[in-house]
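Labels for the chains are A, B, C, D and E, by order of writing; each one numbers its residues from 1.
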Amino acid sequence: MDGFGVTFAFWVLTGVTLVAALGVLLSRNLLHAVLFLILTFVGMAGYFVLLSADFLGMAQVLIYVGAIAVLVLFAVLLTPRAGRDNGETRMFLPALLLCGTLLAVILFVITDTNWAVSEEPATVSAAGLGEALLSRWVLPFELASVLLTVALVGSIMLVRSREEEAEDPR
Amino acid sequence: MELTVLVFLPAVAAIVVLLLPARQEHLAKYVALAGSVATLALSLWLFFTFDLNESGYQFVERREWVDLGAFNLQYFLGVDGLSMPLVVLTAFLTTASVLVSFSVTRRQRLYYALLLILSTSVLGVFTALDFMLFFLFWELELFPMYLLISIWGSGRKEYSATKFVLFTIAGSAFMLVGILVLAFSASTFDIQVLGQSSFDDTVLPLRWVFLFLFIGFAIKLPIVPVHTWLPDAHSDAPTAVSVMLAGVLLKMGGYGLIRMCVTILPGQADDLSAWMAGAGAVSVLYGAFVTLRQTDVKRLIAYSSVSHMGLVLLGVGALGTTGMVGATYQMVAHGVITGLLFVMIGLIYERTHTREIARLGGLARQVPLLATGFVFAGFGSLGLPALAGFIAEVMVFLGAFEQYEWAALMAIFGVVLSAGYILWMLQRVVFGPVRPEWNSLTDQRHWWEHSVVLMLAALIILLGVYPAILTDMINPAIDTIVLRVGA
Amino acid sequence: MTPGLEHFLTVGAILFCLGLTIALSKRNAIGVLMGIEIMLNAVNLTLLSFARFGVGHGPVAGQAFVVFIITVAAAEAAVALALAVSVYRNRDTIDVDKLNLLRS
Amino acid sequence: MPFLEAAATQSPTIDEWLLWAILVSPLTAWALIVLYFRKIPAVAGYLAIAGIGISCLISFVTLFNVIDADGAIAQHTHEWFTAGDVVVNLGVRVDGLTAVMLVVVTSVSLLVQIYSTGYMAGDSGYGRYFAHMCLFTTAMLGLVLADNLFMLFIFWELVGLSSYLLIGFWFHKPSAAAAAKKAFIVTRIGDLGLLAALLLIWSRAETFDIAGIHHWAASGEASDKIVTLFALGIFAGAAGKSAQFPLHVWLPDAMEGPTPVSALIHAATMVAAGVYLVARFFPVFEVSTDAREVVAWIGAATALIAATIALVQTDLKRVLAYSTVSQLGYMMLALGALGYVAAIFHLFTHAFFKALLFLGSGSVNHGTNTFDMRKMGGLRAKMPVTFWTFVIGSLSLAGIFPLAGFWSKDEILLDAWRYDRALWFMAATVAFMTAFYMFRAIFLTFFGEYKGGEPVDHHDPDNHFHGDPAHPHESPWPMRAPLLILAVPAVLAGLLNVDHDFGDFINHALPELPHHEGSTFEWGIALSSLGLALGGIGLAWAIYYKRWVSSASLRELFLPLAGLFEHKYFLDNVYEDIFVRGIFHRGWNRLLELTDRYVIDGVANGSGRLVRGVSSGLRPIQNGLLQTYGLGFAAGVIIFVLAVFAANPL
Amino acid sequence: MNGIDLVGPQFAVLIAAGMALLVDALLPRQRRFIPLVALAGLALSVAWTISWVSRDDYQSAFGGTLALDKYAVFFYFVFAGIAAAVVLASIDWVKREGRGEAEYYALLLVSTAGYMFLAASRDLITIFIALELSSIPQYILAGWGKDERSSEAGLKYLLLGAIASAVLLYGMALLYGFTRTTDLGGIADAIVAGGSENRALLTLAVALVIAGFGFKMAVVPFQMWVPDVYQGAPTPVAAYLSVGSKGAAFAVVTRLFFEGLGPDVASDDWSMIFAVVAAVSMTFGNVMAIVQTDIKRLLGYSSIAQAGNIMVGLAAVSVAGEEFVLGASGVIFFVAAYAFTNLGAFIAVIAISQRIGSDRIGDYAGMWKRSPVLAGALALCLVSLTGIPPTAGFWAKLYVFNSAIRADLAWLVIVGVLNSLVSAYYYLGVARTMFVAESGEEATFRPPLGLSISLGLATAGVLILGLVPGPLLDAAHDAAETLALVS
């Protein structure tokens, strides 16, 4: 991996993503936080592309930005009386300290490790990925679909209002 | 096959009792009696067919149970001269406790079922020759005891029942560790094999293993300072349970000491024998001193049991044949004598509804036969010659004196102290002028009360005047154990 | 400076910890969920970094893993929001520091 | 067992079964009474008399048989049981000593039973009384017949039991119940020594056999120290039963029992068992000078202390009780002073005249319903048989020539004189006091004016007093006859040893004849003791009959001393108040009890409470807040990682 | 073996889930048969698994991502059994709750299928998906109840579970980074090839993975959600969670350690860590349980303690050498025994609380009179949880402790047995309330049919395993051996 463009892109993305994530952490308004979250997801998609996972970058934008973030927005809107407050609990400082420690540990490990890095950047084509998903990981692939179905079915059951249930012919 | 029948006969009777329809509840006692008498008869038959010239295990039954190579359990029963008397004792006292329970009216089916299951578990402990099977039976006794005390007891019964269970579990917890370590070293739970193997320090130093086993048995025995569950359990338990508790349950501890601790780890027993003897002597004295302060008859007897069981430890600690024969004899003797004492207290309690020494008095005038039984049992307890306890005590002293003179000399003071507390109690409970509140007591008795008292009294005398009936049996068994210690 | 594996990993680590911080400190259940999503994203980043700088047949595994994580994240988000709504109906709030009916 | 073999010189002169029958006969009577005739007074009494009578008969047969065999030893041993290494035998051993004791025990017992049929008539516990008496006789005979220490110990304890039962016969009286308990416990303290001796002898000699022990002691195998310890253990047991200082305190209290019991047990037989025991093991004491010194001095001290207390007693029976203690001390003194024969001879004579005296006091009580001499007086005319037999007994006890007591006491004084002059001096003092207090009692009881006795409390359901204490009269024949019969040996028994027949006879019970010369008569000693006795009588006559000096002013004169005597040297107070109640009950025992409750049990309960406390303390952790849980989780992760790093340094 | 055959058991379960939804949609009148459909699916699953066993056909499939070995098969049975019991136990509750019945059973079945996959997975990705497949339905089910407690429990469970998942994933990612493969066998090879290089990375990765699974296992320090969720979730769901997710997590961790990390890694660092975790978990769970007044919360804490007990087996697994089969078989036997026991307890609690409408332990007073069967069954299960014979729990504890002794972890066993002591206190407390305490309410009742059947099965399992543990121990041993063979 070389070239100024890559380096530049990396640092820009890093800046954007981290600031966005910090924004999620710091913004007091839930809606703002959602927006920052979307920004983070977008930054993340950029990283994916940078890491030669173009397909996943697309998927990221599609699913996270398109689906999950929207879902979150819906949820925010569905819970109007809960307020838009995105404040912290009293646990903020301890959480920060703990996570700082965890970060320190992880960073120590990352620097401590002697990474075996291949000379050639490995690239995986979307077709290759698809083939892998349908051969070696066909089972998880199928299960993932079951999982999504179940999650949908379950979610629907959970959010059905009482009136709906009352109308239900059962 | 005989032993299996013997061990599970009470359990079968228990099931029959439980299956009785509610309307036939009054039959429960008779079923229980039949079951226990049948057990007694079978045990007596075994006792008299026991081959005295054979030092090994007899009536052996052995089946593979769980066979996993490294984890190998057997269903292995057998008796030798050490366990046979205790088996008979158990059957005997089970019958006695069923009889004294005839006046129980609450939840009879459950009551008798639990009592019989208790009997099965104790019989199992005395006959099991697989350490794990032994442990199984050992633990099996907890639940019936717990319920018996906490449902049919009196006073702080729940506290006492819980205390009993917790102490026992604490002990068996340590015991389990010891068993597992031993089984690890010998690759078997077979007591016969364990009793012939020699061990090295493995995951735990052997001394620890010994101590762990010892703790388990010492709590049951019980030895000072892990004895405090006993007075509580006794004072709050119903009569029959006190009889079983003092009569046979404590013996499980002494039996375990000899059968497991000493036989399996003779070297460690030898190293620690002075401590054992010392602890025994201290128990004897401490128990006696504290007994002297008790104001509740049952608590008093309970503490006296601590003192008497200290003798067992003293005898075992001496590690000689005489001492251990004495210890075994003491177990049997204490079983019948204290059994009778508790029976008598129970009968008195049924009439007076108090066990406070201060409130009793002059009973000899009102209920002369009960008083006579009480005095008789009391004399048995203080080690009067011609009664069972004397032989045992003197044998223990003789055995201990050969090994640790100081311990024996300490312990013989217990003889005076026991005379002190027993006679003082008799003086206050039985003798003296009649208290007006007991004027209305009458000397009416039921046949079951008669029979249980006579049964026990006869046994006490028999063991006092004809000790050879047991010693001839115990000697060979103890000899083999002592040979191992000496080796 | 050319970004290497360590750089990506570091970003991943920072994001992971940030996400965790968010998850642990936000009062609003949806805020917490957002933190979790960031954590999962950080994991994805880490996986893809390894895939990108990988050796042998490993890279496919990393990418495949990410596919599944994205899927599961979606499912989890859906369920979480459904539960949040459900709580909201019962309690009129989704502040997790008020959800302490169950304790000690 | 080398010693046992050495002892196997038997001279089978009497059938073994006869010897066992001596034991079995009263035992059978006991069993029959207990099982069937408890409630049938007539049968119970006669059954007891029959049982003991048979024993008595066989005892006499035995005695003559042994006399024929010139005191040789007959022994029949059977194994009883084996426990480990210990072999315990049951066996009978007959020799001169045994034979004499058998006769004493059975004959006195028989007479006392006859007496009791009168004395106890109407008591609600009549059957029980005779059952206990039979049991006692059995035990006492077993003690005498036993051929080994173990068996001896068993019967020794059984004797204690029957004594307990009989002292506490009137158990509804708190004082009786307390006295019974006291007697048992105090003697048991002494028995500790006996038990220790039992343990010691087995561990050193591996035998309980009496002959074996004799040989062991004589063989010099054991060190002096061990022999002394053994001897002292034996003596401790003896001191308990024979009420030697400082264990004598139970005997006076034991007078709470029926008077015939006192006569039999606490005068003639059981209390003599201690003396018998020391005599039985006399060869051991011969070896150990130290032990003998102890015996002699304890005996002397006992004799003196008891005699002084007897001087001031107002209760007739207690005078006799202290007198008994005193005489037992005498016997011990004799044993310590190597006077084996003298001691046994005195035991022999004492049994008769002391039993006589006690029965006499019982007879008095039968008439007056009291033992308090201050409430008596002038009974000489009303109870002539009682009076005369009592006087005979007293004279014999005081040692007036030629009554039995004179001969035996004289021998003791002689032995003491030879052994140690100080001992003789003490013994002589006691002889003087004995004469004094006995005649003080006689003058108070039988002379002067009758003071009315103790009125009958008719509300007491346990009182079976018949007749009118205000008008005492002579006792019925069953009571009078034993008095008369006992008076005979009280007078004549002393003559048996005039030619050392008695001594030679019982000397054969020893493995080898004593090294010292046997007692012979010495005029100086005899006359001086006679003089002292007469002096004592005279003094009593002067004070209590002629009243030349008032006893009250005399008491004033010796006030501190008299107070000491009256309070029995404060020994009971020391024992009961200071030791038993103070140091033990309120102190040490209470300390242990509190330790038990608050320390040992406290640890158990405390650990339970601790766990609960920790549990409650930890509850706030689970505060239901998601954030807390999340933090906990994260913290867990970090701790986990760090712990692994720490466990396995990089 | 074709593709369907390879996932037959799970397939059957999933099909049943689908069928349930279909029945609901197409035949609304036949709704009452939905539980039967679920049961039929489970039965089919079991039958299928049995057919494997009878064919003795074990293999690995799907490019090595799924291992169809005896180990997996063992857990198939366990999970199918758990699911069946929970289905039976749920019938009444679901009907009363009125929310979609079909969906409830479908979720349950899907989750069960997830467990089954978890037990068989040999690939990180498969493991992850299987884990989520089992977890997400659980989150939903936990929030299934209409009361606020239930939804609170669901939300808490989900959010915390998601955090745990993220941590787990990060760990997996690092593991992947270290070895560049997701295949357990490949990971093992890579670790062996890598030697001692990059230990820090490996450690961090494993720690995070263990933390992630630790959440499901409910061991300290990842246990905090447990009592809240158990208390809040519908009782049948809590029952399911308590045995299912714990079992699955242990199943997968054991496999992970055997096949993915190998004994090298394990024995070096992790034995001690697991041991400490086990000790702390037991202690925390037991100590906290003591002061609980809500039976479900109490069972929650108790399950933390039990997780600690199972962990003992895991600590022993981590030791290289012949003995580790014992540890692994200990874990899986414990899981099975625990499944019976805890299900039994929960089912009894369901039956009781349906009747008395309360989960307060104090309200269980006099239960012995009101429903002796329920009280007896619950007491038996509590005894089994304590580890007193003759119950399944006894053997389970014994077996893992035995393996720990062999792994030189005597101290851990001592901690374990002392914990049994503490646990006895509160388990017996419940039994005491039921058997001893009196209550004003006297009306007797019987549990409904479904509950009766499942309760009967569970308690029968507890008892039968208690008396004849051999076959199952054998099976567990075999299963663990196949693991060892693979590695």
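Just so it is clear, a contact is a pair of C-beta atoms (placed from the backbone, for glycine too) under 8 Å apart; a residue touches a chain by one contact, two chains touch by 3 or more.
For clarity, every value in this text was computed on a predicted model and none was experimentally measured.
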{"item": "Neighbouring chains common to chain C and chain E, by label", "value": "A, D"}
{"item": "Chains in simultaneous contact with chain A and chain D", "value": "C, E"}
{"item": "Longest centre-to-centre distance from chain D, chain (CA-based)", "value": "A"}
{"item": "Chain whose averaged C-alpha position falls nearest the assembly-wide average", "value": "B"}
{"item": "Length of the line joining the C-alpha centres of chain A and chain E, rounded to whole Å", "value": "30"}
{"item": "Averaged-CA centre spacing for the pair chain D and chain C, given as whole angstrom", "value": "95"}
{"item": "Rounded Å distance between chain B and chain D, as computed from the means of their C-alpha atoms", "value": "36"}
{"item": "Interchain centroid distance [CA atoms averaged], chain A/chain C, Å", "value": "6"}
{"item": "Junction residues of chain A - those touching two or more other chains", "value": "89, 91, 95, 98-99, 102, 105-106, 112, 115-116, 136-137, 140, 144, 147, 150-151, 154-155, 158"}
{"item": "Two or more partner chains touched - positions in chain B", "value": "166"}
{"item": "For chain C, residues contacting two or more additional chains", "value": "9, 16, 19-20, 23-25, 32-33, 49, 54-55, 58, 61, 64, 68, 72, 75-76, 79, 82-84, 86, 89, 94, 96-97, 99, 101-103"}
{"item": "Chain-chain contacts as defined at top", "value": "A-C, A-D, A-E, B-D, B-E, C-D, C-E, D-E"}
{"item": "Residues of chain D defined as touching chain C within the complex", "value": "619-620, 622-627, 630-631, 634"}
{"item": "Chain E to chain C touching residues, read off their complex", "value": "124-125, 128-129, 132, 136, 139-140, 143, 147-149, 151-156, 158-159, 162-163, 165-167, 169-170, 172-174, 176-177, 179-183, 227-229, 231-232"}
{"item": "Complex contact set, residues of chain E against chain D", "value": "155-156, 159-160, 163-164, 167, 199-200, 203-204, 206-208, 210-211, 214-215, 220-222, 224-225, 227-228, 268-270, 272-273, 276, 284, 287-291, 422, 425"}
{"item": "Sites on chain E touched by chain A in the complex", "value": "7, 14, 21, 28, 31, 62-63, 65-66, 98-100, 103, 106-107, 110, 113-114, 117, 123, 125-126, 128-130, 132-133, 136-137, 140-141, 143-144, 151, 154, 174, 177-178, 180, 197-198, 200-201, 204"}
{"item": "Of chain A, residues touching chain D in the complex", "value": "89, 91, 94-95, 98-99, 101-102, 105, 112"}
